[in-house]
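Below: one structure in structure tokens.
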Amino acid sequence: MVTAKLIGNVWATRKAESLNGFKFMMAEIISGTRTGERMIVVDTISAGIGDRVIVTTGSSARRMLGDDGIPVDAVVVGIIDEDCEFI
Amino acid sequence: MVTAKLIGNVWATRKAESLNGFKFMMAEIISGTRTGERMIVVDTISAGIGDRVIVTTGSSARRMLGDDGIPVDAVVVGIIDEDCEFI
Amino acid sequence: MVTAKLIGNVWATRKAESLNGFKFMMAEIISGTRTGERMIVVDTISAGIGDRVIVTTGSSARRMLGDDGIPVDAVVVGIIDEDCEFI
Amino acid sequence: MVTAKLIGNVWATRKAESLNGFKFMMAEIISGTRTGERMIVVDTISAGIGDRVIVTTGSSARRMLGDDGIPVDAVVVGIIDEDCEFI
Amino acid sequence: MVTAKLIGNVWATRKAESLNGFKFMMAEIISGTRTGERMIVVDTISAGIGDRVIVTTGSSARRMLGDDGIPVDAVVVGIIDEDCEFI
């Protein structure tokens, strides 16, 4: 998984029907040499802009969605505790 | 998922039979440190050149195609709203 | 998918039995910031050295081979038309 | 797989229910050109901070967890022997 | 697949039970812009240190192992012929 900060919402009115109802956010990696890499993630655990989160990618991301047929490859799986200084 | 701009069509007369009928386009990543990376994507939601899109990659991409047997690893899953300034 | 040029054949007499009969070629990415990255691909559509091709990677690559048990992660799925100037 | 050093614990009180009980750690790649890349991994074999470990990523990572439904894409699969100087 | 040279053995006494009996080796990519990237691979075809090999990664790697439950994401699938000068 990667450590990322949520930095904004992403709006796409025209999209795959199976994606209706999902919240898309822009995440930016904040740890290690991949810092600054951005990806669009789906959030299902009510994370917010500014939160540092754990992002799972690939086929494992679909495991968060309760339906293996959703075309999503990156999801927020956890929000890192604020007092967890180490990232 | 990655944020990309569609920058052209890709034509391949000789290709896998299972790919007949699909529209291939060149996409270029436009956000974060991967900016400038290009990939060929399949579009099934009538996106056009110049559109900023959300691209899903890997096994999740096949979930857009209604047939898990298609040898495609990147698809357009959404078109980012024009008034979504943040990417 | 990535855009690559086929630049040579790769011979491996000792290999997995399930790979017997497949043609292996060296491909080099020719578009975007990944230009110059090389990968070994399987070709099943009679592509040749010098051809510009579309390469599918990951689990989707196995979809070209008619047998999900083949340990291959990159295949040629199309040959880009010669008059397709844009890549 | 990649060679990484475990450099800290990662705490996330709010996370997917299916992740309860798993131990998350920060790992940093320590071999080759990817040195310095960080990822969050799940450890199920009692590795500790400072250990050099073998990390498996992607769908193969879920094979460590006894449940294919867990949204995890990186796990520790082995602890490199201390007297294994070569990494 | 990637072209790599096997440069050493990797020993991990403490590891997942399902990995017992497998031979782990360090491989270094030797072709293209990823040259110098290292990964730990499983070898099941009696490759040796110094051999130039074809490495398959991801879910396809598990196809070499006869058991889809093994947490391995990179395996040697072929040894490149010594007289194959082109890599």
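The first chain written gets the first letter, and so on, giving A, B, C, D and E; residue counts start at 1 in each chain.
Throughout what follows, a contact is a pair of C-beta atoms (placed from the backbone, for glycine too) under 8 Å apart; a residue touches a chain by one contact, two chains touch by 3 or more.
Just so we're clear, the structure is a prediction, and the values are computed from it rather than from any experiment.
Colleague: Looking at the contacts, which chains touch chain B and chain D alike?
Modeller: The shared contacts of chain B and chain D, listed by label, come to A.
Colleague: Note the shortest touch-path length, in steps, from chain A to chain D.
Modeller: Steps on the shortest route: 1.
Colleague: Work out which chains are contact partners of both chain C and chain E.
Modeller: Touches both chain C and chain E: nothing.
Colleague: Fitting on CA atoms only, what is the rotation between the copies chain A and chain C? Please report it in degrees, nearest 5.
Modeller: 145
Colleague: Hey, how far is the Cα centre of chain A from the one of chain B, in Å?
Modeller: 19
Colleague: Could you tell me the distance, in whole angstrom, between the mean C-alpha positions of chain C and chain D?
Modeller: 31
Colleague: For chain B, write out the residues touching at least two other chains, lowest number first.
Modeller: Where chain B meets two or more other chains at a single residue, that happens at 34, 58-59, 61.
Colleague: Report the order of chains around the ring; begin at chain B and proceed in the direction of chain C.
Modeller: Listed round the ring from chain B, with chain C adjacent next, the chains are B, C, E, D, A.
Colleague: Any idea which chain C residues touch chain B in the complex?
Modeller: For chain C paired with chain B, touching residues are 1-3, 31-34, 45, 54, 56-61, 63-64, 75, 77-81, 84, 86-87.
Colleague: Mind pulling up the chain C residues that touch chain E in the complex?
Modeller: My answer: residues 7-16, 18-19, 24, 26, 28, 34-41, 58-59, 61-62, 68-74.
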